[in-house]
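Next come two complexes built around chain A: one with chain B, the other with chain C.
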Partner chain A sequence: MILRIASKEWLNNIVTPRFITGFVLCLLLIPFSIVISINEYKSKMNVYEIEKAKADEENKAKAYSTYRPVIVKKPTPLSIFARGISYNVGDRVKVFFGDKPMLSEGKAESRDNPFLNRFFTFDFVSVLVIIMSLMAFLFTYDICTGERESGTLKMMLANPVSRSAILMGKLLGTFLTLIPMLIFSFGLCLLVIILHKAIAFSGPEWIRIGVMILFSVVFLILFMIVGLFISSRVRHSATSIVICLIVWVIFLFIIPNLASYSAKSFIRVGSSENLEYDINSIEKEFQDKAGEFSVKQQQPDWSGSSYYWGGEDGFKLIGGATKNFMERERRINEYCGPLLIQYADKKWPFREQYLHELEKQQKLAKYLSFLSPSEIFKESASALCSTNYESHNNFLNQTRNYRELLINYYLKNHLFGSFSYFTQLDPGSFMTADELINYESNGLCKTFSEFNTKFHGDWQYLTKIIPNSNVFEWKPIDMSGLPQFEYRNLNVLTDISNSLIYIGVLLGIGIILFWLSFLSFIQYDVR
Partner chain B sequence: MLQAIDLTKRYEDQQLALDALNLEIKEGEIFFLLGANGAGKTTTINLFLNFIEPTGGKALINGIDVTREPLESKKYVSYVSENVMLYGNFTARQNLDFFAKLGGKPNLTTEDYYMRMREVGLQEEAFEKKLKTFSKGMRQKVGLTIAIIKDAPNILLDEPTAGLDPKAAAELLQILVNLKRQGKSIFMCTHDIFRAKNIADRVGIMKEGRLVMVRTREEFLEDDLEKIYMNYMQEMVIEKS
Partner chain C sequence: MIKTIILHEIRQHIFSLRLQLIFVIIFILFILGSVAYIFQFKSSINDYETFSGKAREELLNGRNRGLIRTGNRNVTTIAVENQNYILPPLKNGFIDDSKSKYIPNTIQFNAFNVFGYSVSRRSGNPYLSLSQELNWYFIVSLILSFAILLLSFDSVSGEKQSQTLSLILSNNVPRSLLLLGKYLSIIISSFLMLLPGIIAALIILLISGTIRFDSALLLEVCIFVTVQILFIACIAALGLFCSVISRSANISLLLCLSLWLLFLIFSPNLAVFSAENLFKIKNSETISAEIKTVQDAINKAAPEGSWSMNGGDPFYPKHELRAKNQTNLMNAEKQINDEWYNMQFGQYNHVTIFTCISPISLFGLISEAITGNGYLRFQKNWNDFHTFQSGFLTWFKAIDTNDPKSPHWYNPYEDCSTTRMPLKFEEIPIYTERMMTIPQRLTKALPEILLLVFYSFLLFGTTVIMFNRYDVR
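For the complex of A and B:
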C-alpha cells in the first residue's frame, strides 16, 4: 500500500511545474557554480605553483643557519565541492626556529581582484544546499494540507488504509521525486569537472565524493521531514508555505550569520597587536641575553676582510674571517641557537593562548550554526573535502611537528655548534690574523701589528682574497639529508568518521521530527 | 448495514455536534438525512468513516465498530464527498485505478472501468482526459464511479448534488436508485428535500446534533415533508433569535 501511494505521489509530483522548475534551477545553477569553483581552484593552483617555485628557491640554503624551509600546501581539488575555510586562510608556512608556526601566511585569492567582493561562496555544496532545501520544502509544504484542502485525504482515508501508510507513502513518493534532482545535480557537477580535464581525483577522493552523495541524501530527507512536520502542524497550505519559507531563510541565511556574530560578541579575542607586544618583550629578552653572551666572549684580534651576511632567526653567513673570529661566532651560535628555540617555547604559550581564543570563537560559531541543518551538512561536506578548520589545523600541527623534527636533527648533529652552520669554508683553512694579513697583503706584511704600523690598517694593501670567501657567491648546499616535510592529509576513514558525527546529528533531528510529524498526522483533522 | 448507537461527538471547544444518535440503515435502503448547516450531518459521516473519534456511543458498519477496527470497517463502505476534487493532474483512468487499488480492487481491467463509467453516464472519451478539465458534474460522477468500483455494501454521500445542475443531479439520483436495487445501503446527507422525496426510503431531520424526526416513505408522502422540514427550520430560527 505504501508503494502504491508513493507511486501516486511521484506521478502526481513529476507533472507539476515545481518539478520542472527544480531541474531548470539545477541546470542553471550547478554548471555555473562548478565553472566558478573550477576557475577559482585553477587560480589557486596557479598561485600555489608560483609560491612553490618561490619556496623552492628560498629553501636553497647556503649553510644550516639559513635553512628555514618554506612549506606550501597544495590546494585540494575537492575544494570545488566545498571550499570550507580553505579560501580564507593562507597555505604558506615558513619554519622558523625562533617561533613556532601559529597561522599560515598568504591568501590564494590575493592575486585576484581584491575590489571584487562576493555575497555568497558559490561552491557546489552551497548551491546544492540552496536548491535541495528549497525543493524539499516546495514538495512537502502541502504534503498534508494539500490533500486535506482538495478532499483527497478523506477519499484515501475512506478506504482500508492506515494513516501511517499514507504518511510513509507520501514521504517515499516525494523522496523519489527529489532524488533524481539530487543525482542529476551531482551528475551534472561531475560531468562539468570531467569535461574540464584539468582536474583528476584520486581513489580516496572518489570515496569522499561518494560519501558526500550519501550525506546529501540524508540532508535532503531531513529537509523533507522539516517540511512534513510544518505541513502536519497547520491546516492550510498558504500558512505552511509561509512558515517553510521563513524557516528556510532562518536556516540558510540568518543562523550562519548570527552564529558568527554571536561568537564574536560572546568570546572576545585579544588583539594581535597586544600579542605582538608580549612577543616583542620576550624577543627583547632573548636579544639582551644573546648580546650579553656575545660581549662576554673574547673579542677577536681582527675580523679579517671578511664577508658577513646576517638576518633574522639566526641567519648568518661568514667567509674570509680570522680563525678567532670564526671560533667566536661558532661559540655564539652554539649558545644562541638552542637559546632561540628556548625563547620560541617561551613565546608559544602566548601564541597558543591567542590561537585557543580564536579556536573557541570558531567552535562556538560552529556549534551555534548547528541550529541549522544546512550548516551541519556544509560542515560535514567540508570535513570530507578536507577544507574545514580541523583539516587546516592538522596542516599547521604537522608544520609544528616538522619544526621539532628539524630542530632535533640540528641538536642531535650538533649543527648549532658547527662551523658549517654559518660557513661553507673548511675549518682547516681558517687562518690566524697574522697568517691572514700575510696572505691578503701578498707577503707585504707578515703580522697584523706590522700591517697596522706599516700601512695604518689601510685595506687597499690587502689585494689578495681568500678563495671562495664571498658568501654571496656560494652555491646552495645539499639539504636532502635533513628531514623533509611531507603533508599527510587526514585519513579518509578519519574524515568520514568525523563527518559521521554531523550526519548522526542530522539523522537524530530527522528521527525526532519524523516521530513528531507522525504523531501529528495520526491526529490530523482531515475535515 | 449502518448503525449508530448513542453516537455522540463533543468537540474540544465543548460544542455538542452530535447528541446520542441512534439510527440503523438496512440493506437496500436509501436514507436521506436533512438539516441545516451545522446540524451534525457531516459529523455523522465523519464518525462513520472514523475521520474523527466519537466521545460517546459507537458507529457500526456491517456490525464492525469503526473505532475499534477502522481498517476492517472501511472495507464495507464507500464515500462520495460534496465536492469531489481528486487528482487534477491525473486522468480519470489514473484516478479510478489508484482509488480502486486503495479500496482493495487491484485486478480490474480497463473494460471493468468502462463498464462502471457507463453506469454513471460517463463517456469512454473521458477516460484518458485529465480531471482538471472536467466539470463539477463530471467529477462527481467519477467520484461515484470510484464508490461503485469499490463495490462496498454501504455508501455514504455528503451532499453530492450541491452545485450540480438539475440534469446532473437527476442522473446522480438515478444511479443511487440503481445501487439500491443491488442491495446497497445508502446514507446521504443533503439539503435537497425535493430529491429526498423522490427516492428516499426514509428521511431523518437533524437539528443541533439531534435526530429530531424520522419518517418512512409512506409517512412523509402522506405528511407534507416540505412543511415539516420548514417548521423545524423556523423553530430553530426562532430559538436562535
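For the complex of A and C:
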C-alpha cells in the first residue's frame, strides 16, 4: 500500500513545474560553482608546486645551524566540494627553533586579484545545500495541507488505509522525487571534474565522496521532515509555504552569518600585529642575553674570518677563521642554541593565548551555526573533505611535534655545541692566528702582529685561501639521518566517525520531528 | 480611487502572516546587528589605535625586529623606511562595510615610492569561514528582498486563483491603476517593515555613544534609506512581474525564488568566473619572475662598484653609483607592479559590470558608493597616496638640499648618501585620509542608481502591458 501511494505521489510530482525548476537551478548554478572551485584548486596547486620547489631548495642545508626545514602541505582536491577554511589559510610552515609554529604562512588567497575577494562565491556544498533544502521544502510544504484543500485526503482516508501508511507513502514518494535531483547534482559535479583531467582522486578520497553523498541523503531527508512537520501543523498551504520559506531563509542565510558575526563581535581577539609588538620585547631580551654572554667570552686572537654568513634563528656559517675564534663561536652556539629554544617557550604562551582566542571565536561561531541543520551538514562535509579547522589544526600540531622531535635530536646529539653546527671544515685543521696569517699571506707575514705592523691589517695581502673555506661553495650535507616530517592526514575512518556525530545529531532531530509530525498527522482534521 | 486600493492592500499585507513574521525577523536582526556592531567597532578602533601608536613609536625609535636594529634616526632613515598605512575602521560600517576587510586595505610606501597594497586582517580570524556582516545592507539586500518577493508573488496570480481578481475588475477601475496601487502598496508595506528596525538601530547606536553622529553620517543614513526605496521598488516590480507572467501563484513563487537565487548566487560566481576566463590577468608568480629578470639585468649592466658602501662617509664616490642603481631597480619594479595593479583595477571594473545584471549586486555597488567604503575608498586613498608621496619627497629633498653635509645622491632604500640631519618628529609628513564628499559619492553611484531605476521602469512597464492582457478568468 505504501508503495502504491508513493508511486502515485511520485508520478504526481515529476510533472510539476517545481521538479523542472529544481533541475534548471542545478544546471545553472552547479557547473559554475564547480568550475570556479576547480580554478581555485588549480591555482592553489600551482602555489603549492612553487612553494614546494622553494622549500626543497631551502631545505638543502650546509650545516646544522642552517637547517630549519620548510614544510608545505599539499592541498586536497576534495576542497572543490567543500572549501571549508582551506582558502583562508596558507599551507607553508617553517620550523624555527626560536619560535613554535603559530599559524601557517604562504599565499592564502587563491585569487590573484585581491579585489575579487569582494565576491563571495558559493562552493559546491553551499549551492547543493541551498537548492536541495529549497526543493525539499517545496515538495513537502503541502504534503498534508494540499490534499486536504483539494478534498482528496478525505477520499483517500475513506479507504482502508492507515494514516501512517499514507504519511510514509507520501514521504517515500517525495523522497524518490528528490533523489534524482541530488544524484543529478553530484553527477554533474563529478562530470565537470572528470572532464577537467587535471584532477584525480585516490581510493580513500572516493570513499569520502561516497560518504558525503550518503550524508547529503540524510540531510535531504531531514529537510523533508521539517517541511512535513510544518505542513502537519498548519491548515493552509499558503501559510505552510510562507513558514517553510521563512524557515529556509533563517537556516540558510541568517543563522550562518549571524553566528559568525556575533562570534566576531562578542569574543574579542587581539590583533596579530599587536601580538608581534609584544613578542618583540621578548625577542629583545633574548638578544640582550645572548649579547651579554658573547661579550663575556674571551676575545679571539684574531676576529677576522675569510667567510662569515649569519642570519636569523641561529643561522651561521664560518670558514677560514682561527681556532680560537671558532672555539668562541662554538661556545656561543652551545649557550645560544638552547637559549633560543627556551625563549621560544617564553613566547609561546602569548601565541597560545592568541590561538586560544581564535579557537574560542571559531568554536562559538560553529556551535551557534549548528542551530541550522544545513550548517551541520556543511561542517560534516568539510570534515570529510579535510578542509575544516580541526584538520588544519592537526597539521599545525604535527609541525609543532616535529619541531620538538628535531630539537630533541639536536640536543641529544649535542649538535649546538659541535663545530659541524656552523662549519664544514675539520676542527683538526683549525689554525692559530699566526699560522693562519702565515698561510693566507703566503708566507709574507709569519705572525699576526707582523701582519698588523707591516701591512696594517690590510686584507689584500691575504691572497691564499684555506681550501674548502668558502661557505658559499659548500655542498649541502645529508640530513636524511634527522627526523623527517611526514604529514599524516586524519584517517578516513576517524574523519567519518567524527562527522558521524554531526549526522547523528541531524538524524536525531529528524526522528524527533518525524515523530511529532506523525502525531500531528494522526490527529489531523481532514475536513 | 488609488488611495482606496493602496490602503486596502496595505491593510491586507499588515494582517498577513508573512509580513508579521518577516517584520519580527528584520527587527531582531537590526537590533542584534547594531549591538554586535558596537562591540566590534569599539575593539577595532582600540586595536587600530594601539597599532598606529606602536607604529609611530617604531618610526621614531627605529625598529627592533629579528637581529636588525636600526638606531640613529635621521631625516633620511624616515624617508627611506618602508611604512604601512592601514585604512582606519569607518563609523558608517553599520550601514555597509562593502567587505572592506577582505579587499586590500593597507598601503606600503616611503618618500620615493608607493610600493603596493595588501590585505591586512587586523582582527580577522582565518579560522572563520567567509560570512557577511550583519549590517543594514545585508538585511535589506538579502532578507528584505526575499520578503518583498514573498509579499508580491501572488498579488496578481493569487487573486486570480481565489477568483477575487475578476470581481475587482468588474468595478470601474482601470487595470493599470489597480496594478499601480498594488505596486505602491508593496513598496509602502516593505518600507514599513524596515522602518521600525532602522529607528531602533539608530537609537541603540545613539545611546551607546560609541559612534558619534554628525551631520555627514545622518546624511549618509538618509541617502541610504532613499536609495533603499529605489531598491524596494525594483524588487517589488520583479515580484509583480513574476506574478503577472504566470497563471498560478505556485509558478510565480517558483519564478521568484529561482530569480532571487540566481541574483544572489549566480552574480558573484559569474563575476569570478568571467575574471578567470574572459579577463585573465597575470598571476603574482609571473610578476615576481618578471621583476627578478629585469632587476638581474639592471644589476648586471651596473658599473663596477655599484654595490659598494661606506657607512661612515656619505661622500664615498661609489655611493653615487649605488644610488643610481637602487633608483633603477626601484623604477623597474614600480613600472611592472603599477602595470599589474592597473590590470587588477581593470579586471575588477570589468567584472563588476557583469554583476550589474543582478539588482542585489547593483544595490551593493550603490551602497558602497554612498558609504564611501570598499573598493572606491581604497581607490581614492591609492590615488591620494601618490600625491602625498610626492609631497613627502619634496619635503625630504628640501631638507637635503639645505644640508652641506650631504652629496644629494638620492637612494630610495638606504641612508648612505643623503642628509643625516636630526629630525623633529612633528615635522614628519603624515598621511590623513580624506573621505569622498557626498556629491562625489553620489556622482559615483549615479550610473548604478539610474540602472536600478531603469530596471524598475522596465519591469513595471512590462508588467503593466502584460496585466492589461491578463486573462482573469
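What we mean here is this: the second predicted complex is superposed on the first by the 517 of 527 C-alpha atoms of A that agree within 3 Å, B and C clash if a C-alpha of one lies under 4 Å from a C-alpha of the other, contacts with A are read in each partner's own complex, and residues count from 1 in each chain.
Operating definition for what follows: contacts are C-beta pairs under 8 Å (C-beta built on N, C-alpha and C of every residue); 3 or more make two chains touch, one makes a residue touch a chain.
Here the structure is a predicted model, which is why all the values come from computation and not from measurement.
Chemist: Do chain B and chain C fit side by side on chain A after the overlay, or clash?
Modeler: fit
Chemist: Looking at A:Asn159 after the superposition, I want to know if it touches chain B, chain C, both of them or none. Which is it: first, second, both, neither?
Modeler: Touch partner of A:Asn159: chain B, not chain C.
Chemist: For A:Ile36 in the superposed arrangement: first (chain B), second (chain C), both or neither?
Modeler: Only chain C; A:Ile36 stays clear of chain B.
Chemist: After superposition on the shared chain, which partner residues are touched by A:Val526: those of chain B (first), chain C (second), both, or neither?
Modeler: first
Chemist: Mind working out whether A:Asn257 is in touch with chain B, chain C, both or neither, as first, second, both or neither?
Modeler: In the superposition, A:Asn257 contacts chain C only.
Chemist: Identify the partner contact of A:Lys284: answer first if only chain B is touched, second if only chain C is, both if each is, neither if none is.
Modeler: Only chain C; A:Lys284 stays clear of chain B.
Chemist: Looking at A:Asp458, would you say it contacts chain B, chain C, both, or neither? Reply first, second, both or neither.
Modeler: After superposing on A, A:Asp458 lies clear of both chain B and chain C.
Chemist: Which partner, chain B or chain C, is in contact with more residues of chain A?
Modeler: Answer, by number of touched residues of chain A: C.
Chemist: After the superposition on A, what does A:Asp426 contact: first (chain B), second (chain C), both or neither?
Modeler: Touch status of A:Asp426: no partner.
Chemist: For the overlaid structures, how many degrees, to the nearest 10, lie between chain B and chain C at the C-alpha centre of chain A?
Modeler: It is 80 degrees after superposition, to the nearest 10.
Chemist: Between chain B and chain C, what minimal C-alpha to C-alpha distance in angstrom results from the superposition?
Modeler: Taking the overlay as described at the top, chain B lies 14 Å from chain C at its nearest C-alpha.
Chemist: Quick one: in the complex, what on chain A touches chain B?
Modeler: 1, 4-5, 8, 11-12, 15-16, 150-152, 154-162, 525-527
Chemist: Okay, in this complex, where on chain B does chain A touch?
Modeler: Touch list, chain B to chain A: 42, 46, 49-52, 71-72, 74-75, 77-79, 81, 83-87, 89-90, 94, 98-99, 101-104, 143, 146, 150, 156.
Chemist: Using the touch rule from the top, collect the residues of chain A that touch chain C in their complex.
Modeler: 17-18, 21, 24-25, 28-29, 32-33, 35-36, 39, 43, 46-47, 50, 83-85, 88-89, 103, 107-109, 111-122, 127, 130-131, 134, 138, 238-239, 241-243, 245-246, 249-250, 253-254, 256-266, 268-274, 277, 280, 283-284, 287, 310, 312, 358-359, 361-362, 365, 389, 392
Chemist: Can you list the residues on chain C that touch chain A in the complex?
Modeler: Residues in contact with chain A: 17-18, 21-22, 25, 29, 32-33, 35-37, 39-40, 43, 47, 50-51, 54, 64-67, 98-99, 102-104, 117-123, 125-134, 138, 142-143, 146, 150, 154, 250-251, 253-254, 257-258, 261-262, 265-266, 268-273, 275-276, 281-285, 344-345, 347-348, 351, 355, 374-375.
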